[in-house]
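Per-chain numbering from 1; labels A, B, C, D and E assigned in written order.
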Amino acid sequence: QDRLTLVLDWFVNPDHGPIIVAQELGYFSDVGLEVEVIAPADPSDPPKMAAAGRADLAVSYQPQLHLQVAEGMPLTRVGTLVATPLNCLLVLADGPVQQIADLRGRKVGFSVAGVEEAMLAAMLAPAGLGTGDLEMVNVNWSLSPAVMSGQVDAVIGAFRNFELTQMALEGIEGRCFYPEEHGLPPYDELIYVANPDTLDPDRISRFLAATERAVQYMVNHPEDSWRIFADSAPELDDALNAQAWTDTLPRFALRPAALDHARYARFESFLHEAGLIETPRDVAGLARDLGAPQ
Amino acid sequence: MTAPALRLTGTARVGGRVLFGPLDLAVPGGEWCCLLGPSGAGKSSLLHLLAGTSGAVTLDGSARAGDGAPLAGRVALMAQTDLLLPWLDLCDNIRIGARLRGTRPSRAQAEALLDRLGLAGMGARKPGALSGGQRQRVALARTLLEDRPVVLLDEPFSALDVATRLAVQDMAAHALRGRTVLHVTHDPAEAARLGDSILLLAGGQIRAVAPPPDAPPRAPDATATLSATGHLTRLLLEAA
Amino acid sequence: MTALRLFLPVMLALALWQGAVTLLAMPPFILPDPLRVAGTLWTSRALLADHAMVTLTEVLAGLALGAGLGWISAVGLALSPGAARLLRPLLVFSQAVPVFALAPILTLWFGYGIGSKIAMTLLIIYFPVTSAFFDALMRPPAGWEAMARVMGGSPARILWHIRIPAALPGFLSGLRLAAVYAPIGAVLGEWVGASRGLGYLMLLANGRAKTDLMFAALLVLAVLTLALHRAVDRGCLALEARRLR
Amino acid sequence: MTALRLFLPVMLALALWQGAVTLLAMPPFILPDPLRVAGTLWTSRALLADHAMVTLTEVLAGLALGAGLGWISAVGLALSPGAARLLRPLLVFSQAVPVFALAPILTLWFGYGIGSKIAMTLLIIYFPVTSAFFDALMRPPAGWEAMARVMGGSPARILWHIRIPAALPGFLSGLRLAAVYAPIGAVLGEWVGASRGLGYLMLLANGRAKTDLMFAALLVLAVLTLALHRAVDRGCLALEARRLR
Amino acid sequence: MTAPALRLTGTARVGGRVLFGPLDLAVPGGEWCCLLGPSGAGKSSLLHLLAGTSGAVTLDGSARAGDGAPLAGRVALMAQTDLLLPWLDLCDNIRIGARLRGTRPSRAQAEALLDRLGLAGMGARKPGALSGGQRQRVALARTLLEDRPVVLLDEPFSALDVATRLAVQDMAAHALRGRTVLHVTHDPAEAARLGDSILLLAGGQIRAVAPPPDAPPRAPDATATLSATGHLTRLLLEAA
């Protein structure tokens, strides 16, 4: 058995379905891996741990990867967990914001991750607005409560597979504007990153193969896989996660190891044009396809 | 202001053991009464029982004024330690009682009192810059400024030299004339000089000793004073 | 001499820092070396100064309010033992609530302006001040209180003239702690919701993987904290020395 | 009587809470009403108890270590004024660093196990203990020290036999603060990375807007804090009373 | 152990003003010297200068032993306040000096000393449970247990009753025989009884007064003692 340490992006939640299911069903041991899964509280820690060699793999976000590589962190994407954006601009369904153009002069909350200004700017542009036309407030710990209580008119950085359900459970109907439908290039929300200098292609490939098997199982057996996930820890078994499980299923990468070069090149140039990256790099400096011939 | 008599009867206990009594102690109103006795006999405890500040000492009996009215609010106590407040200057230290009652006597009055106790011009000093005898005089000044009908003094002149002691004794005797004073002292000459009556607390019992016939404060070198001093000294030596 | 005294700890801190980086082979994205941070400090000086001013305002307002409220609460509790028994647990309780649980409540009440930051600073420093002062108020030297009672002082006046001055060192001890906690309170307040201030800047730098900028902001915060602690410590010492002389 | 004393503050807290919910029309996703939280408390009791045990372990270990280290540091600083001038700023500095900057460093050193949580708890309570005790050590009654010097005591022995016992109330004051901060320290430690403990549970619940569960966990944490503070306070009072009698 | 002489020369200042001097004070080695003077004259300051613990008082001159070796480590000082440590019981209080030097005299020795001072069986009490005179005796016991060749006593018997005072004086005189003792007192009778030599500090100057011819401790009622007492009293009254 080879050991492999994986740091999640946050506490365990349905986004990590394939990992938990693979662990519970023994897919990791089937490929000769003993995987240690670590759940941190701050999503900015895991890539640091991977880059520092403290973890073999970390779950991170594609936009972050671009920024971090630009700042010189030794990181590369080696696999994909969730292959669509999850981020969305969340508003109240019956609130004053019915279309993006309604945001003029209003308050938008965000949880600092680094790219939300650029994202918002891209979403505003088609409506003829700029970030200067509205007020941005960091609401850090309480995205949906800030919207629900009406303290801000919208928040960016909410996850479409959770926040809507969450609001529904509180009896409030929310609505998402999807970035990829409003001018943003599509991207992978959750990816696996590793240190390019020290990564072990063999073990990571085995890991990705096991999660690929888990995704297939989940797609084939949504109910059973939910039970497996919910039984893995008592605090996970609730209505929100059950709904999120269903909502997230179609978004998991069915081919975790596959790399879409163009997607990474597009996002890199998007960030470069937004002024967040000075010198864009080619995809080889950002992501790897471990299955490709060397 | 009429000065009430003092009466303490019963048994005092501390830490489970009898300290003194059963006894019956009476101080006539408006008189100066000196209380002598061996160290540890319970003199300070007796004063604290009258003042209502006895900590560990309990009295199985009563300590009250002869006129039946409560003593609280009519007593000034000068304890054995000076209890000066280190953050207040001398004038404020001796006016602390008035402050605590919400009134505010003039600084000039305080300065004048310090003056009469040989501490002229020191009103603005803090207690930290005083000698032992000076601190004791400030504590006395504070007690006098209380202006109460009943005054309890616990060894008020023990840290003073002969000359200062005589002067301060005279000053206190005049200032407290007509009040009921219970004055604990170890100095037989002092008792012989100041007491309208003299009590001895020894072996848990009170015993009255005849004072010299003339009115206090008496001349320290008068024959009657000297012979009373000698008599008291002998009694104290026997009591031990 | 004073310059040297300030200089030495700074040098020591830098040496420790550089040592940690070198010896423990800290990667720069976890702990950048001092030189690199110094560079960022210089190039971003305008940005840092701008955000530092915001935080400083919050800190000073929070400190003044927190110390004042702490003083009043401790005195109030000391005045009424019944209230103390009832309210002290609530005070303790208030400290057990983590920021992220409070954040939505605070913003709901105070909005996203300076109000919620001052409230957070206040909340953080209020307790050490109250606790340290209250402890000191509850152990007055016995003799003084008995004397004051014989003199006919009411509990309130005894508190004012005897117990409070006697407990001053305890209050100052709490104030010293507060000076250290006030900046962290303001930073926490900025996390609750802000678009300016050192705390916000740190979050932003962290999100953008600009570790240098984050540590530069951290350094500014630390210097601010040190300066505040030093000023308060000096003030306390001077006050303590003067009042007995 | 004791039951009543414990009962009243709890009732008061509940009344305040319900009042806030009713009067200020707090939406349940910001502040759920007590009854709702009580329901969650009951249905999730096994879960809560499980996580509370983890946090309690961290708290007790951190408290013991923090108090011990704080004691040692204050004594060390008091022993050597030069070191104090040099190191005190560093101590202050250590308090100015926000958790998220420290988290990666701590995990790099201590890993994701209980070590990093205890380290965080320690870091939080170490300072109030050191600061309060050091303050008290630095203002010993003047007469005693002079007497001890005439007697030929070395600075170390004077510290041990005179200054430390005289400063005990200051240390206990710091310990009381530490008892309140230890649980929040453990929660912050769980922030560093954890999959168990009340802090983990709260963060998880908060991140998913499960406000009931978050407040239920918060309540458990608050009760834990109160109990700890009460125990430490009782212990301190008993110690102070006994040593002068 | 040979007891050195003491010599203090020069001018003492406090708060910017001259406290005493220029003067030249000498205490012969192995003798008991009594120092009297008005309250505030600087007696306590003088002791503290010799012990090296003068806070605000500075000496422009020297305070040292006659044999040239440093005084530090050879002096025991009983200050005017008792300075008992409230958290230690009496036995530990009087053994604190030994503890501070890293040695550990037996509890029995401490108990025996307390016994001889009339405090039998109180060794396990804390200072808070003592009377004023009892505290003073504990402070004296602590000073005696120091076992130093030079002993400085600041009003060591002021809180004791006549009988206890005589007994404790005798006890101290015997215990300190052969040591150099500088004893500040306000009681002329005490000086006349105990002093091998007697000094008067007044008006900033030192003046020697002839002691009675016989060896101390003298009988309190011996004619020579009484006449020396009278003489000292007159001198003190004149000095004020």
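Throughout what follows, a residue touches a chain if its C-beta (ideal position, glycine included) is under 8 Å from a C-beta of that chain, and two chains touch if they have at least 3 such contacts.
Computed from a predicted structure; not experimentally measured.
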{"item": "Touching both subunit A and subunit E (chains)", "value": "D"}
{"item": "Busiest interface, counted in C-beta pairs", "value": "C-D"}
{"item": "CA centroid of subunit B to CA centroid of subunit E, Å", "value": "27"}
{"item": "Between subunit D and subunit B, distance of the C-alpha-averaged centres to the nearest whole Å", "value": "50"}
{"item": "Centroid spacing, where centroids are CA-atom means, of subunit A and subunit C in whole angstrom", "value": "37"}
{"item": "Sites on subunit D at which at least two other chains make contact", "value": "30, 100, 104, 108, 203, 206"}
{"item": "Per-residue multi-chain contacts in subunit B, two or more chains", "value": "81, 129"}
{"item": "Set of subunit A residues in contact with two or more other chains", "value": "44, 48, 52, 141-142, 145, 149"}
{"item": "Chains grouped in pairs wherever the two touch, ordered by label", "value": "A-C, A-D, B-C, B-E, C-D, D-E"}
{"item": "Interface residues, subunit E side, partner subunit D - complex", "value": "48, 51-53, 55, 72-73, 75-77, 79, 81, 83, 85-88, 96-97, 99-102, 126, 128-129, 146"}
{"item": "Subunit E residues touching subunit B - in the complex, by the definition given at the top", "value": "14-15, 36-40, 44-45, 56, 80-81, 118, 129-134, 137, 154-155, 158-167, 186, 188, 233, 236-237, 239-240"}
{"item": "Subunit A - residues contacting subunit C, complex", "value": "44, 47-48, 51-52, 64, 67-68, 70-74, 107, 109, 112-114, 135-142, 145-146, 149, 151, 276"}
{"item": "Touching residues (chain side subunit A, partner subunit D) in the complex", "value": "7, 10-13, 38-42, 44-45, 48-49, 52, 54, 141-142, 144-145, 148-149, 162-163, 166, 170, 233-235, 238, 240-241"}
{"item": "Touching residues (chain side subunit C, partner subunit B) in the complex", "value": "142-144, 146-154, 157-158, 161-162, 165-166, 168, 243-245"}
